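Two complexes, one shared chain (subunit A), two partners (subunit B, subunit C).
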Partner chain A sequence: MINRSLLPFSLMLLLSSETSCLDCNRIHVLQSKMNSKSLEHLEKMGGPFPFQCLNERSAFKATDILKVRLAQQENAKAAIQQILQELFQIFSKNLTHAAWDGTSIKEFQNGIHQQIEKLEVCLSAEVEKETTYPGNESLLHTSLKLRRYFQTVRHFLKEKQYSRCAWEIIRLEVSRCFLVLNILTKRI
Partner chain B sequence: MSTPMYNCVPFAFLFECFLILATFSFNLETSLINSPQKLTMNSQNFQHILSWEAGNNTTVPTYYHVQYIALSSKKEWKDAEECSNTTRLFCNLTKEYDDYENSYIALLKSFTEHGVFNLSSPDFSPYRATYLGPPIVNLTACPGCINVTVKLPAVYLKEKSLIDIYKKLDYSTTVESSDRKEKTSANETSEECFSYVIRSLRLNTNYCVSVAVTASLNSHSIPSALKCIITKSTTRKGDGTIPILSGGLVSFVLGVLLIGLYKGGFICLKSGPWPKVLETTNTLHCSVHVPDPEIVCSVQIIHKEIIKKEWEYCDDDDDDDSGSDSENSDEYTKRGILGRIVNSHAKSNTFVQQSIDCASAESSSQAIKLLDSDAENSEEDQSVIKENESTSKVLFHPSSEVNHSSTSDLRNSACFNINLSTVMLRDPEKTWDESTTLVTHQEDEVDLQDYCAFEEFESKPFTNIDYSKRPDCHNSSHEWQKPSVSDESDTSDSEYIRR
Partner chain C sequence: GQMNLTSPQNVQVDIINTNFTLRWTWNSENDFSVTFSAQYQRLFEDYEEAVIEETDWKEMSGCQNVTVMECDFSSAMTDYLYSYNVRVRAEQGEEKSPWSTTLFFTPYLKAKIGPPGVHLKSINGVVEINISSPEENLSRRMWTSDIIFTYNAVFWENSSNAEPKSRTLERRNKIYDLAPRTTYCLKVQAHITSERKVGSFSPVYCIKTTDKARILAYPINLEIHALNMKFLLTWDNLYDQNVSFTVQQLIGYLMSLPEDYSNNWTTVSGCENITITQCDVSSDIYHLGTYFFRVKAMSGYNKSHWSNEIKVDPCVVNEIGPPNLTVSSSEDSLRIQLIPPGESENKSMSEFYDLSYRVLYWKNSSDAEEKIKEEQQLLFIISDLTPLTWYCLKVQAFSPVYKKNGHFSDAICIKTLNGKDSPLSIFMAFVIAMFASLILASFCIFSIYHISRRIRYTFFPSCKPPSNIEDRFGSGQPFSIPYLSTSEEPTENCCIIESIVIEETNQTDIKEYKHSKQNSRDSGNYSNDDDTSGAKVLEEMLEQEAA
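And then the complex of A and B:
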């Protein structure tokens, strides 16, 4: 009887220790590493950009995410959180037409999810502080911009009916998102 | 005869097909051979060079044309500037790939005799794919350690450096010795030029160091060439000369200083004979100069009381006092009077040699007579009260003068014996307080004391004055001893104090 209850208890302790061991001061190092891995998975998913899809690039009408005025250091975590959540949502959609490597897709999705979880632990303590922060306006502004960008991405995919070319174009955009994530992570 | 014909036709057909296929395949092969091979991109520090291999069959020179496209932009294919109709087997696309965050595809068009062949490169992102380094490394040796200075290489982009692009870079160090190889990483830098020290190394050993630089999203790097240096041995040997020299210098300076002091006479090695004058110092404590004993003559004190005069003063001053408003002036005059009285009295006490025995206080006429007689007979002078003079000075006047003034004044004078303990002192402003005897003085006598002391007046009764009851002027009470009243000399004095 003791053994039965001991195993889940010890497992729970192990898991909780893993989450509690998270050092929020070093979160930028962890996030940076995870960014790199996620980007590798993204590039491994598919081959070179198909020539036939080059003409469809003009259909994607979103503003360049790299040109989006990024949040200051105080709001970087919130912006990172938002981008990661949006990416996770996008890659939960229908990927069959993309004809990508399934393993890479799964690994990419897991990586994003882990990043979100780890960041949430460290971000929850700062949420209250940020709402009263005077830079709140810039935070909202950045959040709106990002939201608009990802809305365009979702709309584009839907319009193109999640075709291969649409996915390939979005894959390019997502790789640029990671450059933005990298910049934001360095600001933490 | 017809059957062999029939057998030849399919055979011929087959043969023909075979020939066609052969030529076709042959053509294919030649085309494959002739087409450029192995399109590779060599990128280092954002210098991008696309290179390829020519086909085998190159009887006629092949012209190449390179085009490129930026994937994340809406733009179409562009021609590479220096790679149009070139026979070279490479193309420098550094200027073309100016947006380093973008992805590019390069298209190679080769114009051969056999046709145009296209070959495209895979997606290339300079930010992620360019090789970083090698950094410029300088080594300096120290005891058991190596000081490494690293300078990042220049970037083939306009007005940019590696730090501008990547913000932060990681660097790793490889240290090789004869027996082992060690790599240290996980170090971050945001400087173009930085230095650090490799510690915990063996002394006097040859070590070879190599440094590699990477970025968070770009793990491609070219490490620097191995640079070797021998670590220094312990610092003792070489640096030993400095302490020895400094010690020698200090001791030399000290020696010079001591010699100088000796010559100057500040330091004496031998003790010379003492001067004669100083010889007496040993016996000084014994030979204390004993002054000649003072000749003490007993003097009989004669009380001469110039009562009338004094009383006149008193009256005058009283009138003045009553007329005046200020307290201070009253007090002053009072003091003056008292001073005068006392002085005169004291003087008369001390200096009049002729003794007059003051038998009773009531016999004033007696006193006058006595005084008169004394005045005539006295050889000594009497002290005189000068009215307008400051009473702090009591002068010795010739008896003649004294006699003139005093005799008339002395008519009304009397000689009293006054018991000081019965004398009452008071501040005229205040009511009589019978408890205040001479023993407990009042403020008037404070200044009286000052007056008397000024003139060598031994105001015994007034030396010890209690200031505690003094109003207004002094907040703190001066503690004076209780006056020790000596009846003999003071009784007469106290008589005049009383108002």
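And then the complex of A and C:
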């Protein structure tokens, strides 16, 4: 049943032209480049953590992203893509109070978006090769844990009405996500 | 009379986006006085997926006293990332059946993707396809990210028997190369690749293309050419009259967002009202991220529509120029020093790519074959060459991850040096060797002298300790020599395994044992008293040999 529903999906892949200009076995090269560039942008967009927000820092009680048991090797690419999608979504809305440098936000978002597209090319190629679904269970469970973590981030921002300090706390938290991304990048 | 109600069977949950449906079967004759009611409880899991908390059973709104065998309980669900238990029972008046078996589910894991929205527009021979995500504009969302989906379209020409084609679509698409006054149909599905989830297809939508616009034609064949991250946009000149062009750019990710981005197009500086059909757009491109460009033609008060939008992924479209190189030779090798492409223009390609270098070199004679060497370093040596021979070489940079080969440098030819030793160099070598041996010899003599003095001082001290000190140590104890330790070194109590083996293998064939004894001695298999593992290994060996 699953195979039949995937048939048009694989047809699409045959027509996908971008597959040819990327070596998916070396995608970690681009990923680690993007990780470090994104961290730079994150730093640049708001500068150092503001003093007046120090008191509020303890208000964010997320499940620690570093404690989320990370994906196994075969699912690292998928986990990276999911984290990037969530980050992109968070930084795409309600930024007016954040008072951050607009150019840095755009470049941060554009870099993440591009990498999501590249990972998509590689993941689609992998799905095409699969006949069964090895690790599909663990894949979905990792995904679930990541989404739970990002749900707490979104709830926090909403609860704090996207205030400047809430955004600063999340900016700090997101830099921790890049630690996780670096670990996952080594597993690709 | 007594009537025992049976429990509902085959309880199942279907989830499409955030629409939850509970279904079940009931094995009894149709009786319209029987109704069904469901309950649920929430579960909370920790990192390890172990349930750490569960709420009490609550009545499920939307699924109370229903007369059919399904109900919509979407409003009862509040959190899609944690799990629930549900159960159903049949009810008739005061009588209630036992609860059905409990069904456990996690909404996010079970949810299926609904069909996306499709909006078609046909303007001047161009078809616009706008796709909205399966949950666009809904406040309750299962899929929280706008860019989580990729869209796959199957499309065909309505009146022909041609095979339907399949391709991925962006959220916004303009299809240009379609025949006029023809009806095209398509259906679209969304999928989440990272979770291997494939959504259901939208209904089929059809649209008839119109004639091409009779106004000024829009520019066609937009192409981007780039060398060392300098980007030049070109297009075809279709025009007889005097026409000027304007180029606009859009940052790539905006195209994937649901919001209207039409106000975010910006005119590229230096590309406004230009009269040539090309423009340098480098200033508006940052190497990470993608960009879209479009061009418009103007003649007096006549304006064309915008051209099709060309997507630019900088590192993909860019061509890598040749590296700079300096070569020096010795008698059997060439030393090559490279400067990465673009460095002279302050845009080193090594910043953008994972560069390696490929050297092609050959003897400068008619029948010479080319050899290839690949290097990651900027400084390297090609060795094992013939002395006094002309060699030529050229180098290209390449990026493995982008599968991209750069341009070759111009060929450089250089002659290797003379391999035979000249009289002068022999003389020089002789002088150096003489000098070196002289230093070595004097060093040896000095150290022998020094060591012998130490030995003499230690073993045959010239001065005896004062007599009062000698008395203190007593006459029985000779004065200890400072450099020799008198205390016994701690030694481990060891024995040879053999002895244990003898005990344990006495009963077995003595001939076999002798054979293995040889083995054990060869391998130096010694062991502490209390460790019998070595013996066990030997025992196994014996058994194997016996077998």
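Going forward, the second predicted complex is superposed on the first by the 161 of 188 C-alpha atoms of A that agree within 3 Å, B and C clash if a C-alpha of one lies under 4 Å from a C-alpha of the other, contacts with A are read in each partner's own complex, and residues count from 1 in each chain.
Everything that follows uses one rule, which is that a contact is a pair of C-beta atoms (placed from the backbone, for glycine too) under 8 Å apart; a residue touches a chain by one contact, two chains touch by 3 or more.
Nothing here was measured: the structure is a model prediction, and the numbers come from that model.
Student: Going by the contact rule set out at the top, does A:Ser138 touch subunit B (first), subunit C (second), both, or neither?
Tutor: neither
Student: Please indicate which partner A:Thr152 is in contact with in the superposed arrangement: first for subunit B, second for subunit C, both, or neither.
Tutor: Once the two structures are laid over each other on A, A:Thr152 reaches no partner at all.
Student: Once the shared chain is lined up, is A:Gln81 touching subunit B (first), subunit C (second), both, or neither of them?
Tutor: The second partner, subunit C, only.
Student: Where does A:Asp23 make contact in the superposed view: on subunit B (first), on subunit C (second), on both, or on neither?
Tutor: second
Student: Taking the superposition on A as described, I'd like to know which of subunit B and subunit C A:Asn110 touches: first, second, both or neither.
Tutor: So A:Asn110 only meets subunit C here.
Student: Considering only the touch criterion stated at the top, classify A:Pro48 as touching first (subunit B), second (subunit C), both, or neither.
Tutor: A:Pro48 contacts subunit B only, not subunit C.
Student: On subunit A, which partner's contacts cover more residues, subunit B's or subunit C's?
Tutor: C
Student: Of all residues in subunit B, which touch subunit A in the complex?
Tutor: 69, 71-74, 101, 103, 105, 120, 122-123, 125, 127-128, 167-168, 216-217, 219
Student: In their complex, what parts of subunit C are in touch with subunit A?
Tutor: Of all residues in subunit C, those touching subunit A are 47-49, 81-82, 106, 108-109, 144-148, 150, 152, 154, 165-168, 189, 191, 193-196, 198, 251-253, 256-257, 286, 288-290, 313, 316, 354, 400-404.
Student: What does subunit A use to touch subunit C in their complex?
Tutor: Result: residues 5-6, 8-9, 11-12, 15-16, 20-23, 26-27, 29-30, 34, 37, 63, 67-69, 77-79, 81-82, 85-86, 88-89, 92, 106-107, 109-114, 116-117, 119-120, 123-124, 127, 133, 136, 139-141, 143-145, 147-148, 150-151, 154 of subunit A touch subunit C.
Student: Which stretch or stretches of subunit A touch subunit B in the complex?
Tutor: Result: residues 32, 35-36, 39, 47-49, 51, 54, 57-58, 64, 66, 172-173, 175-176, 178-179, 182-183, 185-186 of subunit A touch subunit B.
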